[in-house]
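If you scroll down you'll find the structure; I have some questions about it.
Naming follows writing order (A, B, C and D), and every chain is counted from residue 1.
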Amino acid sequence: MSIGFGVLGAGRIGQVHARAISGNADARLVAVADAVPAAAEALAARHGCAIRSLDQIEQASDIDAVVICTPTNTHCELIERFARARKAVFCEKPIDLNVDRVRTCLDTVAERQAPLMVGFNRRFDPSFLALRRALDDGAVGAVEMVHITSRDPAPPPATYIKSSGGIFRDMTIHDFDMARFLLGEEITAVTATASVLVDREIGALGDFDTASLLLETASGKQCIISNSRRATYGYDQRIEVHGSLGMIAAENQRPVMMEVATSSGFLRPPLHDFFMTRYDEAYANEIAAFIAALRDGTAMSPSGEDGLKALQLADAADLSARDRRRVRMAG
Amino acid sequence: MSIGFGVLGAGRIGQVHARAISGNADARLVAVADAVPAAAEALAARHGCAIRSLDQIEQASDIDAVVICTPTNTHCELIERFARARKAVFCEKPIDLNVDRVRTCLDTVAERQAPLMVGFNRRFDPSFLALRRALDDGAVGAVEMVHITSRDPAPPPATYIKSSGGIFRDMTIHDFDMARFLLGEEITAVTATASVLVDREIGALGDFDTASLLLETASGKQCIISNSRRATYGYDQRIEVHGSLGMIAAENQRPVMMEVATSSGFLRPPLHDFFMTRYDEAYANEIAAFIAALRDGTAMSPSGEDGLKALQLADAADLSARDRRRVRMAG
Amino acid sequence: MSIGFGVLGAGRIGQVHARAISGNADARLVAVADAVPAAAEALAARHGCAIRSLDQIEQASDIDAVVICTPTNTHCELIERFARARKAVFCEKPIDLNVDRVRTCLDTVAERQAPLMVGFNRRFDPSFLALRRALDDGAVGAVEMVHITSRDPAPPPATYIKSSGGIFRDMTIHDFDMARFLLGEEITAVTATASVLVDREIGALGDFDTASLLLETASGKQCIISNSRRATYGYDQRIEVHGSLGMIAAENQRPVMMEVATSSGFLRPPLHDFFMTRYDEAYANEIAAFIAALRDGTAMSPSGEDGLKALQLADAADLSARDRRRVRMAG
Amino acid sequence: MSIGFGVLGAGRIGQVHARAISGNADARLVAVADAVPAAAEALAARHGCAIRSLDQIEQASDIDAVVICTPTNTHCELIERFARARKAVFCEKPIDLNVDRVRTCLDTVAERQAPLMVGFNRRFDPSFLALRRALDDGAVGAVEMVHITSRDPAPPPATYIKSSGGIFRDMTIHDFDMARFLLGEEITAVTATASVLVDREIGALGDFDTASLLLETASGKQCIISNSRRATYGYDQRIEVHGSLGMIAAENQRPVMMEVATSSGFLRPPLHDFFMTRYDEAYANEIAAFIAALRDGTAMSPSGEDGLKALQLADAADLSARDRRRVRMAG
């Protein structure tokens, strides 16, 4: 029996998830909902599914799970609503921009014992998964240092920045989750330095576009994160883990494996445009993991708690960058 | 309006094409046929399509095109039958192992003006496509030398070898097509040297498992092909083109972009297992190209003629290897 | 006319410089001095040069320049002595472990207008040089972020650690110099986190073996440094610069360009053992630059001032790691 | 006791060997001879050695070995002369362009039991050496296929071509030696196809500038060689060996390990200009091997016989290309 899905929100990331669900043999994309009728229609037509209201999806007996792809400020309300309606919930990151609001939401989810998975897609990227498995297999011994390079191809528009919660809650939040995923130990201190080097408008909105972070754990493990809102050569996503027995590097995935050699040198094409193509396989794997956990009744991972912890780190980073000091995480 | 497809043959390559069709928004997988009921059932269940006989598919008004994935010795008959039934035909390579039989078949196709595309999937691999486009854009000037490395991970079973037509008609045929695709000029002479170095059973069947080929064109362009039925490190598929202004290399696509460094050195995982995963995107692009040509009424490429020419080169290579001499292609 | 050289100290780094001098057509290795007669004899025999005392070298009319390769605590005295003797001085890093002592020494050098170059060899590595030239040519626009990875293959013995001044003054000092070399702007704040993860004995001596650093400039440029006293896969020396128009990466130089592919994957050999082979060309270029500056009467670079600034950054890093806080550099 | 050397011929390759000898602690560059006084003077000044006539070198008691770097048509005479004078002889490839003349010369050498090494420098390249050692260690099992890519950056002048003996005797001869070195079995048949695609003047002189070759051994091993007189991206020198357990690839050595990423893609600089820099280490290793063999009284490798066999293969290739047929080597 396949799992019936409703996708809430037919924007860019909703489209990504709808495609992943359509391509999964254990899932049925039953319906899509969006406040903008044209968006819902386009997505429904693309995948041959129904258009329904939130109320209809809530009450639908053919829908077992919802994927929340709506604006961030609606996430908590929708998680609570569909948890109460006994639907399994997959919610895009971040759960909310406010830690207290996230806590309340997770309490409701816990009370209802509703399955909740948070959309940290990078955990499911084939190369990052392979890296994590190699770590688990002891390929490089004890983890000592993690380096995460994460740079977007180009800055988002000002309207996006305004409601994004800032670079740390919007962009670095993925890297905080990966850091926790790979360090295998909670982060105890955060130092962030952030600048406006790319886009003055971002600075005018009180946000940053370039950031470097230093994370520490109790046992002395160290993590470095490098973020920029602009990388001319494409969406730059790399991870390197140094351990007692060696190092593992997950290099950028390349759209084509081609090199052109001329008198100018050896030229390989730029990286992927952005996350929709770069993390194509990750999104498919992510939905498959959600379905597998539902089927097997195992714990959701990444969980709501993972979503909360990443947000707390983002808050600490923001404080660190603004106060220009090292910030310890509350015990 | 999407194109209705029938897939004939539910074996390994039939499954690959069924998945490509299912994932294509402009196509509907209507039915599958297979002499083995269990095979047809498994594929139909996987994609939620019907099971039909060849007769039913021939007469079906909801099926516009068929994809022939049956054993090679049935290809010509099926091409002719469905061409007569006014279906568009996509046929896996090779059309047949006999050049005369291919000619007769193509005559029928021509008479009926039926659209026929031959399954040389590699032309649609993203890296090889990019390479070809770079050539067309003049990135390395006039083509002078083409090098094709094509090695299977492991030899097929003896039963497969017996009906395969031999290494040149079964395996090198893909490389002959790529050579023609990239040289931009017909091949005028073939020298092949072939050995049995991998599997004595292959030798006992009168076939070879290791081959190196030298192809020439009238203007003096040169092409080298390197084939082996066994590559311990995975399915090895590379192309290099040297031209007057430089060189383009299409490197092996990698399942994951990861490297583990230890005191033993820097280790990257092996290549793809085989064509099903390696050419995943190529198969999707191939069906998309078939659909696009049907829609736009443009010429099919690769055509039946391309299939014939590749077979003629395979025949020449076989003769060359057996007679240990250079063989000129008939004008 | 070639430049006559005296090498002071016939240890590991003295041998490296002696070889570089011998291989330079514009230089003559005239004499070597060492407190240990056997060490001096071995080096003299190797290069066919004389063994002389410091006094003899000081007074020698056939020696134009000295290369100081003695223990760090003798550097300042020797610099001053040979500056007074009107010899050009090349001194290995660090000038001294004490900032005030360095200042006094540099004052003497300035007074005598003696040429002094400090041995930050990495500036002369062909790849790092090429990187710097590409920056100067504007290849990636304005520099925004610099990442330096610098890991030794294995921790030094405790006796070395004891007189080393600690990881920041002994090891990171090279990276501080490269950071200044590449950022093109003075560093205004340092945050270091350091741990003992490799060798408890290092911890027992009050030093660290693993460190991550975050450097900032007034205009908001950011620099990350990653240090470890142990990298199982060899001497890891990489630099990456991210700028407004792109990124330049200087990858590890490899002893051999070979890859072995088997069923285990694709294996490249480990990196260089250590600096003697890794920076072979850098040492040759360094001496050549020293000679060229002497000939042309141009300013020495890196200068004594560069040596002082790197030491000040090391002091700040040490303070940051011990006090667990961001440290601002004095204006 | 170091070995005293005389270098005969102060041209491009003479300069390369003089530098290698100067940098070798077990060798003394005693004298250089050249018919052009200015050439001899420049080299002598560069290395601080004497200028002597051939007669003087022949009679010199301080010269143990000569390195023959004169024009090819003088090689045999000089080998014979200095073998008779009881000097050890290192001769640049080819020994001569005529197989019979080479045989006579080698007879004289054998009669005098004179040590003779032929200058196939590539055997001593660190990467190719490592490749060969990995083969000897069984890293990829039994050798099945060898691919050699060898392309010069730009065609030589017509004057050079005229006395070169043609592409196979001048350029491919290195590849024939490497093929023998790596196949571990004599070559029994040669098929060459050659064209004039680069430089019409080369064609006018009856020579080729582009060639592809197929070599066979008795046991069925196969070797492919790809030659061009022009590679816009630099001196292209690669070897790949495919065996029963895997593949070893020796990639191009790079002058700098740098990559610049911009919106155009990832660009690495071109390869080395030509053999003088590319094979810098190989030439040093080659002289070291010559000296070691002299010291230890072991057999010279590559030997005069190796030089002869490479020439015979070149003759066969020339015949094959001109007659457009496969040529068997005489038993």
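In this text, a contact is a pair of C-beta atoms (placed from the backbone, for glycine too) under 8 Å apart; a residue touches a chain by one contact, two chains touch by 3 or more.
Because the structure is a prediction, the values reported are computed rather than measured.
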Longest centre-to-centre distance from subunit A, chain (CA-based): D
Selected pair, greater C-beta contact count between A-C and A-D: A-C
Between subunit A and subunit C, centroid-to-centroid distance (C-alpha), Å: 41
Computed distance of Cα centres, subunit D from subunit A, in Å: 57
Residue numbers of subunit A (touch at least two other chains): 232-233, 245-247, 261-263, 269
Category of the chain touch graph - line, ring, star, complete, other: complete
Complex contact set, residues of subunit C against subunit B: 232-233, 261-270
Interfacial residue positions of subunit B with respect to subunit A in the complex: 23, 25, 46, 126-127, 129-131, 134, 139-140, 245-263, 269
Sites on subunit D touched by subunit B in the complex: 142, 144-145, 147, 149, 151, 189, 191, 193, 195-198, 210-214, 216, 219-224, 226, 228, 230-233, 236, 242, 244-247, 324-326
